[in-house]
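After this come two complexes, each holding subunit A, first together with subunit B and then together with subunit C.
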Partner chain A sequence: MSSTQQSPLCKPWEHSFSRRQLLGATGAGIGALGAGALGGMLDPAVAEELKKQEKQVIFVWLDGGISQLESWDPKPNTQFGGPYRAIPTSVPGIHVSELLPQTAQQMHHLSIVRNLHTQDNSHSAGVARINRGDPKNRGVVYPYLGSAVAKLMGPTSSGLPPYCWVKPYSGGFKTGDAGFLPAKYGALAFGDAKAPENLLLNESVSLAENAKRNELRKKFNNRFAKGRRNESTDANSYVYDVADTLMQRRDLFDETKVSDKDKDRYGRHALGRHMLMARRLIEAGVRFVKVNSYHWDSHGDNFNACESLIPQFDRPFAALLEDLNERGMLDNVLVIAMSEFGRTPRINSHVGRDHWPEAWSVAMGGSGIRRGHVVGKTNNLGTFVDGDEYDIGHLFHTWFRALDIPQKMMEYNNDGQPLPVANEECSPIEELLT
Partner chain B sequence: MSRSILTFAILTFAILALTCSVTGAVEPLHQRIDQLIEAKIDGESAPLSDDAEFFRRLTLDLTGRIPSSQKTREFLKDTSPDKRRAAIERLLEQPSYAERMANLFHVTLMERRGDNPEWDAFLRDCFEQNKPWDQIAREILKPNPEDETLRGAAYFYTRRLEKVGQNTTDYSGLTRDVGRLFLGVDLQCAECHDHLFIDDYKQHDFQGLFAVYKGVSIRSGKFPAVNEASMSTKLDFVSVFEEGKVSTGPRVPFGKEFEIPDPPEVDPAEKKKKPDPNQPPAFSALSLIANDLTSGDKELFRKNIANRLWFSMMGQGLVEPLDQFHSANPPSHPELLDLLADELASHNFDIKWMVRELALTKTWQRSSRMASADKLPPRNSYRLGLQRRLTADQLFASVLQATGNLDRLLERSKAFNAKKDSEKTDSENKDAETKDAAAEEPAVDEYKELQALFLTAFGSEPKEPAIDYAPAVKQALFLLNDSKVLDLLKPHSGNLIDRLAKMPNTSVADELYLSIFCRLPDEEERAMINEYLAETSAANDDNENKSKEQSAENSPRTTALSQLAWAMLTSMEFCVNH
Partner chain C sequence: MTPEELLKRYELAPSKDDELIEYERQLWQARYSPCGRFLIGCGYDATIQRWDISGEKPQLMPELTGHNGWVQAIGFQPQKNRLLSADSWGQLACWSYAEQATKPVWSLPEAHPNWIRAIAISPNGELVATGGNSNSVRIWSTEDGKLQREIPHPDRIFSLCFHPKGNALVVGDLKGIIRQWDTSTEAGSQSGDDAKEVRQFDAAILFNDEAETKGRIQQCGGIRHLQFDAGGKRLVCTGQKQPGGGFATGTPCAIVYDWESGKQIREMPMGGAQDGFSYDAQFHPDGFVMATSTAFPGKGHVWFWRPEDEKAFFTSSKLPNGFSLSLHPNGNNVAHLTSKSPNGNGRALKDGEYVGGSARIRLLHFPIEVDA
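Now for the complex of A and B:
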């Protein structure tokens, strides 16, 4: 892709400095934005095919396990139902917990899967197992969903890093998510949605000089790479390309570009700010954005915890769905909200709920996903699935299909070893797909 | 285990028989290492490194930074046939060897949890004296608060025993780290049950060590020290999978359990007194553990240190991951690991001796470049010298060395600290003269500041093994835009850019390459540098009037020199030990 081609999502600020100056200084226009900057991640023909669609993902991870009974699958007035009521939603016949009043009004954009039955009830193994889609054990560490999508789809034409992660605490490049894939498929994390340090071009360096010095760096790297292992050279070049792209997209971290109204709609709390950041990253063209929220592990005092936590999710999640819909982006952006498992129907002696992978729920909407629909059900007490049940492998298949990933891409090649991208004993949930 | 010992015995015998029959004596260790590596090689190997490659690698591994351009020139000019061996001997005797090893062991053992001056002093002293590893390990595992030169060793414990937030003391983490770092076994998953995937790791192995650490606590005071409660009963534990209580006394993993003696009779009058927690315990399980774990006949203790030293020099462990020693994860070269471990033990765990032997091997001296490599050989074949990213500390010291700012910043650091000291001593009666002198001295310790920035950008994550130096975006942004980094590439009296600015274009390429890449440029590279400078000066001539007004600092030529240096410093040839 030519570096002068503009992203469809290109913003006027990009032209606030003289593009000509930049191009003129380098002769060939290196350093300009474009997929070229992150080239080499994908077979060109496939890249071309995927580019037409520009499918994207927002993945909201509620770490510790959100209670399905206080959110997507309420059982009011039953033995384990807890104190909260169920309320009607924008879709007749579908009810959710009263702790989700705003999301209830966006239900017509969402589907809920209520018959999940997964295999792990521990955080230590379960988090990774769910995030990797619980593939069959072949002695290979599978990538998390974000790294998988980064590998299978690459960056969008925006040229921004394909997998970004908005999280509390620290940022940095987190390679752990990549599993056996090369480190560059890891997550670029923005701690507390803040800009990385040193994002502004140092005032003593002009744009032309910056382009020049990077061009020289590449020359030295090319000479060094001859006859040597080049994995590390690749990774090194990659981080400079990402740095360069981020420096050019520093507006993404400019708080003044966000209206007070939006800040209020999403909420000023961490998860609100982080989901708003996710929307901005998606608008800018990041392929996959993960948003993390911690502390959902309500073994004690579950009901007060839910009353505090769930509204912190409800408000920005509803605003996000509303905004994506308003901008016409829901057709192309897959939105998922989930945890590593649900919580026990039985209320323990600490008025808490423990880990429950036997029967729990996930909500999703957007690209390729049927709207205003509920898949499966649990029994009257909410203790087990009633009827068909699905595992995380089914969801991975469903999502890959919803993202229109071509069939020929549905296999990894691990140094000659072919690996299915999702558990081959599972298949997509057809009734969830449009 | 017994099988590997048998294999080793047979193999050793075979090698001994072979070598003795030829030479009549046992060959030095480095030759035996090469024989064992080469025995497994099929296919082409890279040639030995050239002199420049060798000298840079050696200086990085033995002193923690690249050589100065001056030292590289001298080494390249030296025509004596034994100059490599001489260089190894020379560098091993430099004070920077002890600094480098102290840093290596600090990062390995503390995993970026923090720093402590007494701990630093302890480690430096260990390597200045070249203390045997078993002694160092014992001094860490049973700290001696009475000896000022040794007491800093307790920091290994105290830092890990500190409470984080509202969490309880992490005895499990400490138990795990002792296993990982001194025995090469990660028993984390054996805390609550026998390990599910590693048959060798039993819950008993974790609990026997855990039992001891439960009784250890931080002693309050000005220096790091621990107290130990006298152990009087065995520790009961249960498996989450099995019924029934089990109990254990103090026990090194895979070792024999120590008996707990009956507590001594205490005078009833004494009993009423509040015991002094700083008193040594009546029965010190810690002493037993420290002695048993570090004894030369503990196979894992020998192999762990051999593997870690091999890793630090070669960039790849014979057992990987370094803390996964167990029968289902055999070493890539079992006989070699046995040889290294046993030789190290029989040489009194002499680390300097082992480093010397490793540096003398062809394996370590092999080039990282292969002319005809279509498909590069596997890492653990050692057919090709491995590239290792510089550690945060190596990178910091090397950037200062390459840019010619090391001495300048160290001097300013010294001046700053001297000023601070003098302010402390005579803050009252300072005369006008010293005040004037002080005004010129730096307001902050720039060296320390810059070091902290490098460690933040390039240091591994706290509590993670410091083995994987993956490049990161924050590192790139730091080198691209941090003012203090870029200031190193502005002319300051005597630094690289200052020297280059005063040189004719024709001399620049050699000085740049020797200073930053520690080698001479080839003709193509010389031409590239000259061309770049010629372009800049041509552009300069166009603006001749303007350029006259410019100071030397931001003249186009100086800028061009800085850019060249920056590009070299951020390129792979610089940031990798190759």
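Now for the complex of A and C:
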């Protein structure tokens, strides 16, 4: 059987709601509906509530630490400013490094936080600490942002897995991000934006046979889980369900369905292809997509590294913002670009910059985030924050608010242990929110 | 001379008696002027620093200002005691470096649209070639800064050098390719259409596309310096052998080519695979290459290596973190520039202050003086 025959190639809007779902939408379980598909059929209040439920996130993680001075917070012609100029953006008065010419033209969709001051200058601890929002230590391992959103918001009406991860190297189901949450809140990773291995059915198995097989598997699973239901059995079943869902959306991994124009706009390098995949996953209805890029840790020859690396971010990131805006999705999709820290203002004797959590920047835009705005500032040399500082906990509060996660859900229940979803000593950055 | 005889004559040993010139910012190059009276430095603070070294102690002269970003490229035009300099914002300027005056003879604020990384002066002093991130070589009149011609180039340019005789210009790029261009111009021709690429020299070991070799995303390395010997029979280039991203560690390396045949004569790696770059090398009139390298604090060497020999006859790890070295026209002194800037993550304050890097130029003497 050919893959064409097996693939229904359904579109998000084709399964965005059913009569039963529609009727149920007025109750508590409204998460299974797509607001966009409802048009004017619903009570506006219900439609609005549904719309909130469809909020999504693209989280671009530049692992190792992008230099704030060569990106979001340039200090040209100063002691630590490096060789580059600052260029104007689409927002009068806001400048970024000349290494971000295309993103500069999308600045009206973005905000920059320039007064981040975080607590860890090592990768080994810093990556996890930032990704978990640096909560207070309560003897548990907190989830990464993607797992937290998957738990707090669940999947969208698409039924696709809520937390997908597009990354270089290997894929698979990565449970580590889930922390103390059940393993099923981990990330489904697509190595190099490719489909999981063996996603396609063996040619000798028909769709009908496969459905029967799945039914039998579920029976076995349920029998096995009786009386011993735990996270492992849950996660095991979940992964099968996810695989089944993905089999219905094999088109997402079919590169022939992407135009050459889009491939060129995003760039055919890894980060370009991965950000384009992120857009497609978001369009398909994935709740949270993380895109990783590695090797930004430019301790040596920083400026040539930046000239090689930053354009690979700039081009697809600008295209992503442009596309989300053109599709009317930016109101519902929160876009974040960040690392675990910035880089030292001091240029070491190997022409590199080291790790710098003292004063660095994050860029974000879309859902709930004010557009064309800069929060905070560093001093004239870019060495330290001038004025109020924000930590990652403030950003987690801000993002959860931007996603309209209700206040009543801002607490996990870890087997009876109440845990705040974000560091309770921090609060949302109000000036960042719309 | 035998290697032993060369060592006896040219061994450099830093001592407490060496003249040290300290500068509060990091410098990229320190060069003796062709007249031997001045030492000129340029670097990270957009200025050009000058020291008059004709007296007992180096005397700092008024700095030359007007550049932006970094000044990484300087070159001398000996016929009129002029200095050409270029910066990372695309400006090219011409100075009378021996004068106290600090205004440029001329300057072109937008000579290139972005970073100019390399300058070369033609043997007759009439032309200055510039190249960098704009993927083109532009050739200007040193007299008035008028553009003579432009030669497009496929990659970022890191280094340039005119052959001491004739019209050949060699261009070193990110990808480890040295291209030889014929710069002889037809009357009135300013375009690059008639530029002739004569041949290429392969220095691919000084480049690494990690997307292909390691599944990473950085292109590393590049030909950081090019220099002919005085007779134009040999060409040396420098960089890092098998360069890497991140910490940018690799083996500093110089490579010498025979000009006539285009063949590589000697690869001269120095130090370990965890060192850094060689940004500078030059030929000594006695035929050996003088090179320096930098890496993380305390690493890097100065080495002298005759291309005919399998090994360097002089190596010193007591002169680490070298960014440039310059042989004085008298043949007896070497100015060795180092960066003094600590590595380290996080705050690392000194007496409550966040301190930046600085530069030190050590004026070294060969053990046996010769007549210039």
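Here, the second predicted complex is superposed on the first by the 379 of 434 C-alpha atoms of A that agree within 3 Å, B and C clash if a C-alpha of one lies under 4 Å from a C-alpha of the other, contacts with A are read in each partner's own complex, and residues count from 1 in each chain.
As a working rule, a contact is a pair of C-beta atoms (placed from the backbone, for glycine too) under 8 Å apart; a residue touches a chain by one contact, two chains touch by 3 or more.
Keep in mind that what you see is a predicted model, and the values were worked out from it rather than measured.
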Problem set entry | Side-by-side fit of subunit B and subunit C on subunit A, or clash | fit
For this session: Examine A:R217 and indicate which partner it touches, taking first as subunit B and second as subunit C; both and neither are also allowed.
Result: first
For this session: Check whether A:P196 is in contact with subunit B, with subunit C, with both or with neither, and answer first, second, both or neither.
Result: first
Exercise. Touching A:E209, do we find subunit B (first), subunit C (second), both, or neither?
Worked result: first
For this session: Give one of first, second, both or neither to describe whether A:G172 is in contact with subunit B, with subunit C, with both, or with none.
Result: first
Exercise. Closest pair of CA atoms, one in subunit B and one in subunit C, after superposing: how far apart in Å?
Worked result: 8
Seminar exercise, completed: subunit A contact set shared between subunit B and subunit C covers none
Problem set entry | Residue ranges of subunit A touching subunit B (in the complex, touch as defined) | 171-173, 175, 183, 188, 196-202, 204-205, 209-210, 212-214, 216-217, 219-221, 223-229, 232-233, 235-236, 238-240, 242-243, 246-247
Problem set entry | In the complex with subunit A, residue positions of subunit B that touch it | 368-371, 373, 376, 384, 387, 389, 470-478, 480-483, 486, 525, 528, 532, 559, 563-564, 566-568, 570-573, 575-576, 578
Exercise. What residues on subunit A touch subunit C, complex-wise?
Worked result: 64, 76-77, 79-85, 98, 121-122, 168-169, 269-271, 293-295, 297-301, 304-305, 307-309, 312, 344-352, 354-358, 381, 383-384
Exercise. In their complex, what parts of subunit C are in touch with subunit A?
Worked result: 25-26, 44-46, 68-70, 72, 88-89, 114-115, 133, 156, 174, 210-211, 215-220, 222, 245-249, 276-277, 294-297, 321, 338-347, 354-357
